[in-house]
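Lettered A, B, C and D in written order, each chain numbered from 1.
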Amino acid sequence: MFIRRTLPLLVAGFFGIATIIQFFVPHPASRTFYNMVLDWMIIVTAFTYLMAVQSTIELHTTKIKRKVEGWQYSLVVLISLGITAFIGILGGAFTPSTILMKLIPAFKPSSTSPLMYTYLYMQVPMQSTIFSLLAFYMASAAFRSFKARSFDATMLLVTAAIVTIGRVPLGEFIYKGFPEIIEWILKYPNMAAQRGILIGVELGMIATSLKIILGIERKYLGGGK
Amino acid sequence: MAISTSIWIWISALLTLAIYSFLYKDNPFYKFAEYLLVGISIGYGISVYWHNTIITKVYNPLVHDKDFLVIIPLLLGLLMFSRFFKNYSHLSRIPIAFIVGAGTGLSIPSSFEFLFKQVQGTMPTAFTIGNLIIIIGVITTLIYFFFSMEHKGFIGKVSRVGITFIMIAFGAAFGYTIMARISLFIGRIQFLLSDWLGIIK
Amino acid sequence: MKFVNFINNIDKRWIYLLVALVVIIPFVFPVGCPMRITPPVQSMYNYIEDSIPENGVLLVGIDYDPSTMAELHPMAKALTYHAFYNNLRVLFVTMYPQGSGMGQDIIDKTLTQWNSANPENQKELGRDITLLAYVPGVSAVMLKMGENIPATFNEDAYGNKLENLPVMDGIKTYNNLNYMVELAGSSVVLSWLMYANGRYKMKMGIGTTAVSAAEYYSYLQSGQSNGLLGGLKGAAEYEKLITENHGYAGRKDASVGMDAQSSAHIFFILLIVLGNIVFFIKKYKEGK
Amino acid sequence: MKKNLVLLLLSLTLLFSFSFAQEQASGGTDLNPNAISSETERLGSMLQLSDIPNDGGGGIEINWTLNDSLSNYFITIIRREGNIKKIVASDLLASSGQVRDVNSDENKSNVKDGTEYFYTAVLSEYAVSQEILDYLVCDSLDMEAMTIADANQVYLISDESGPVKSKASWFNLERLTVLISAIIITFLFLLYLQLARKGKELYIRKISGLDAVEEAVGRSTEMGKPIMYILGIGYVTDIPTIAGLTILGRVSKKVAEYETKILVPSYDPVVMTTAQEVVKEAFTEAGRPDLYNKNDIMYITQDQFGYAAGVDGMMLREKPGAVFLQGLFFAESLILAETGHSIGAIQIAGTTETAQLPFFVAACDYTLIGEEMMAASVYLQKDPLMLSSIAAEDVMKVIIIIILLIGLILGILGPGMHIEFFDKLFNLLIEIL
């Protein structure tokens, strides 16, 4: 019981309060503590990432074993994962590793690491393409979902339309006053609402954090009493 | 300019097209690209963690600097794996509690500082219509987020004004995001038409 | 009602196709929509044009990765050309590992293009332009640059010792640089403003994505930055300025995209309007 | 309100101590504009030295004031510790007026706490050459000399200032306001907690969208379709994700009651395992632990668009009847919401990211905006202990609104109508924040 529930809550409470106190104390001892906690967090997070990798590999090996429909794609995941990780660990992340430079003298400290090739020519184009799919989804959302159902929605629509059209050359060509109008909207009503929302969100965050440190909010530990 | 001869450009271009093919319908090319992306992004993540965390934060301090304090987070990290053993899975709560506890502790003070900056920025340093609008906007928006009062009568009316402000802000954000996303699509088209096919200059 | 039903049941792939056409067609048949230059762009241009002496140094921060490349890459190119026209030296610097690839790409492309278009005024890597090596540490690096730039980087990204490069002649700290334009879509802008501008009084301009432009207007108001290029539009305005004043004739990535941007925005408005007309007709009919 | 007054008073004292400290540090040396050419002119002891306040030690702040006509000249600062001399900074613009001698990551013991340091300034018209720099730190240089020269220019040397010691502070006074407000909110929270324990009923208004949870789950069951719950791309340390997990508990309980299936694709393995426990507990609470399937809560990838693509594909394959998007979302929000919309699912969204909310408002049936989402997670638990945090937040909002109104009144009277007294009060208020 102690290990299951009390100890985790104590750990969370201790580090929560300690890092808050640290914020107010500029002494070197407190800075050492701060840097140590940051490093620890980075290390523990790396292990949680390892869990992620393990989960993915497990998911896809099961699919392949059971020959689930589309299991061939799981093979794609495992093979590409294996190759990328292999050349990444051996050949260096951003700059070539020393091992690689010894093996292949063509690689100099300033040259691009092999991993960067898969990053620049495979990961990047695919990611930015997926990002750009948003333009299409947005078009369809604009057509189907953006209805002036109520006064609120109408306000949203009108502002969106003014900003959309006023920020391109054609819009300025149609009406010269657009840039000033947009500037005004951004600087006043937009800023005011953004602030209001943010203040609310920050208050909510502070309250939830307090509950975590005091051990009242414990959902993050999973269920269980 | 002519069609590209670089194998890497061709790979990028074909993968780009494979993903766009999804707009027509889900198909094996898209699926291949999708799963490939999952695979290489994890592989990339492993490599970055390996060099930036395992080597620099664990291996080097432990082996070169003889800093044995690193063993504590190492053990905490290893406790994560207790999840795979049914009877000990609760042990993994300790590292999670550590991350959550330290994380919230780090965030509370900066949340306050952020709050102060927002309130300070709202103060009217000059008396103009604009500043008045900002103050009214902030106050009404805050009242919209009142939970311990029913939105009726005066409070109800004020919170209506608040939600109107919110909607204007959302509209502006929407407009700007449309602009950014179209720019991204333009970027991909430029890549395809110019770097790959060499149709345009 | 038939029309309403047709619109309502339209396959969204037709919309996708139209989006693609609306963007691609202006590329192939450009119109060249007239464009007004906004004050923040003009003031950055004027500073580089008038306030930097010949052989002065322009520092360009390449702190973006491929995800925002579409908007920021054209800015970097336009700035480099502008510096070349005025015979300024250009130094690229990056705080992110991915920025290195971006910087090398720009140097590659601008040098080839410039040298083929201007045989009488050849520019050379290491003499007129270079990219400083990537050094991890972000704010620590920015602070160190205030003390000693060559000692901070040692080498450029091509592995050449900085002390052997003519481009680095007389450059020791921020004081020896004339202007900096920071290109980024993330919070690294704030670090540059705090350290280079705040602590070392470096004159700065910002180039950023459309999403962040609204936010960064406040730095313009506070005077921390004296110019702002926002999104593809900002880059296009800059291209227009160097075209008009220096006869730039190369590829205009941003301006070419402007027609597409305009037409796509108009198309979006039409979609919203059409969607709403249908919505109201339907509501009216159902109301009867 | 009392607390508020205490805050104002405390900050007032703080402010006075600051302005006092600044007064002490002021006062400088004016110099003849031709100083640099006249070798007889003395710079005097132009440097003011002080320990950097509120730091962790290892830092000295050096300030100077010079005649405006010298603002384009260069300043080089030399430090002496016993017989060891060191260049702190060279070629600073004279107009910058300040430099800090501090420890850096490369040199952690540059400035040692408690050691006595002396500083000297060298003024020159052009950048200093390396030879002169070397000469300045060598032992043979007489620190009493007022000028030295090389082939290019004349250098003016100031009197030595010091000694000064750096020291570490135990409390950062600049952060006092944060401490005070943290104490206020904790106090309010504990107060309401106590009231709730004593049986005082705390009211929370209805949040539209929450009542739709049951309807969404029910309709999805009728159609024989699963429910999909997307927690976004946050980590378990992110508060919105924690709020999302709480709402997940409630939703999965409904799912268990309706004997249907819930899919939770995750971005982060820790979030995934936590979600597994939350769902398992909810199923057990509903009396259907047999329905719980660990594999329904799966990990996709920790890559933003890899995740979006994965969830997207899953949505198209599984065709869920209801989609919940509760957590932290960024650019992928529109992809997910639009795909959900296109397969005709009922969508209930909620996040704290203001940039993503417009798309949720556009494409989803119900949206919980910002704090509403966090309040919803509390509302669902109906636990008086939890409700007390909402009450505390509302009181904080009232305080903020009152501060804003005071600022508005002072702003009208002070900067607006130029009444000096109010002007001062207004500036004081700004200073405190």
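Throughout what follows, contacts are C-beta pairs under 8 Å (C-beta built on N, C-alpha and C of every residue); 3 or more make two chains touch, one makes a residue touch a chain.
Bear in mind that the values here come from a model prediction, so they are computed numbers and not experimental data.
A.B. asks: Going by the stated contact rule, which chains contact chain B and chain D alike?
C.D. replies: For chain B paired with chain D, the chains in contact with each are A, C, in label order.
A.B. asks: Weigh C-D against A-C on C-beta contact pairs and write down the one with more.
C.D. replies: A-C
A.B. asks: So, what's the distance in Å between the C-alpha centres of chain D and chain C?
C.D. replies: Computed value for the inter-centroid distance: 28 Å.
A.B. asks: Using the average of all C-alpha atoms in each chain as its centre, how far is it in Å between chain B and chain C?
C.D. replies: Taking the mean C-alpha position of each chain, the two centres sit 22 Å apart.
A.B. asks: Once you find the CA centre of chain A and the CA centre of chain B, what distance in Å lies between them?
C.D. replies: 3
A.B. asks: So which bits of chain D are touching at least two other chains?
C.D. replies: Within chain D, the residues that touch at least two other chains are 175, 178, 182, 236, 239, 242, 270, 273-274, 301-303, 305, 309, 342, 354-355, 358-359, 361-362, 369-371, 375, 390, 393, 397, 400.
A.B. asks: Would you give the residues of chain C that are in contact with at least 2 other chains, written as numbers and ranges?
C.D. replies: Touching at least two other chains: 12, 16, 19, 23, 69-70, 210-211, 214, 231, 233, 261, 264-265, 268.
A.B. asks: Quick check on chain B: which residues sit in contact with 2+ other chains?
C.D. replies: In chain B, the residues touching two or more other chains are 23, 31, 34, 37-38, 41-42, 45, 80, 83, 96, 99-100, 103-104, 107-109, 112, 115, 119, 122, 135, 138-139, 142, 145, 166, 169-174, 176-179, 182, 184-185, 187-188.
A.B. asks: How would one label the connectivity among the chains shown: line, ring, star, complete, or other?
C.D. replies: complete
A.B. asks: In the complex of these two chains, what residues of chain C are touching chain A?
C.D. replies: So the residues of chain C touching chain A come out as 12, 15-16, 18-20, 23, 33-36, 38, 65-67, 69-70, 97-98, 100-101, 133-134, 155, 157-159, 210, 214, 217, 231, 233, 236, 258, 261-269, 271-272, 274-276, 279-280.
A.B. asks: Hey, which residues of chain C end up touching chain B in the complex?
C.D. replies: So the residues of chain C touching chain B come out as 13, 16, 19, 23-24, 27-28, 69-71, 209-211, 213-214, 231-233, 251, 253, 256-257, 260-261, 264-265, 268.
A.B. asks: Where on chain A does chain B make contact in their complex?
C.D. replies: Touch list, chain A to chain B: 3-4, 7-9, 11-20, 22-24, 36-37, 39-53, 56, 70, 73-74, 76-89, 92-93, 97, 115, 117-136, 138, 142, 151-153, 155-164, 167-168, 182, 184-200, 202-203, 205-206, 208-210, 212-213, 220-222, 224.
A.B. asks: Can you list the residues on chain D that touch chain A in the complex?
C.D. replies: 54-58, 168-172, 175, 178-179, 182, 185-186, 189, 236, 239, 242-243, 245-246, 249, 268-270, 272-274, 276-278, 280-282, 284, 298-299, 301-305, 308-309, 331, 334-335, 337-339, 341-342, 352, 354, 358-359, 361-363, 369-371, 374-375, 385-386, 389-390, 392-393, 396-397, 400
A.B. asks: Along chain B, where are the residues that touch chain A in the complex?
C.D. replies: Where chain B meets chain A, its residues are 8-9, 11-13, 15-16, 19-20, 22-23, 31-54, 57-58, 69-70, 72-74, 76-78, 80-81, 83, 90-91, 93-109, 111-112, 114-115, 118-119, 121-122, 130, 133-142, 144-145, 162-179, 181-182, 184-185, 187-188, 191.
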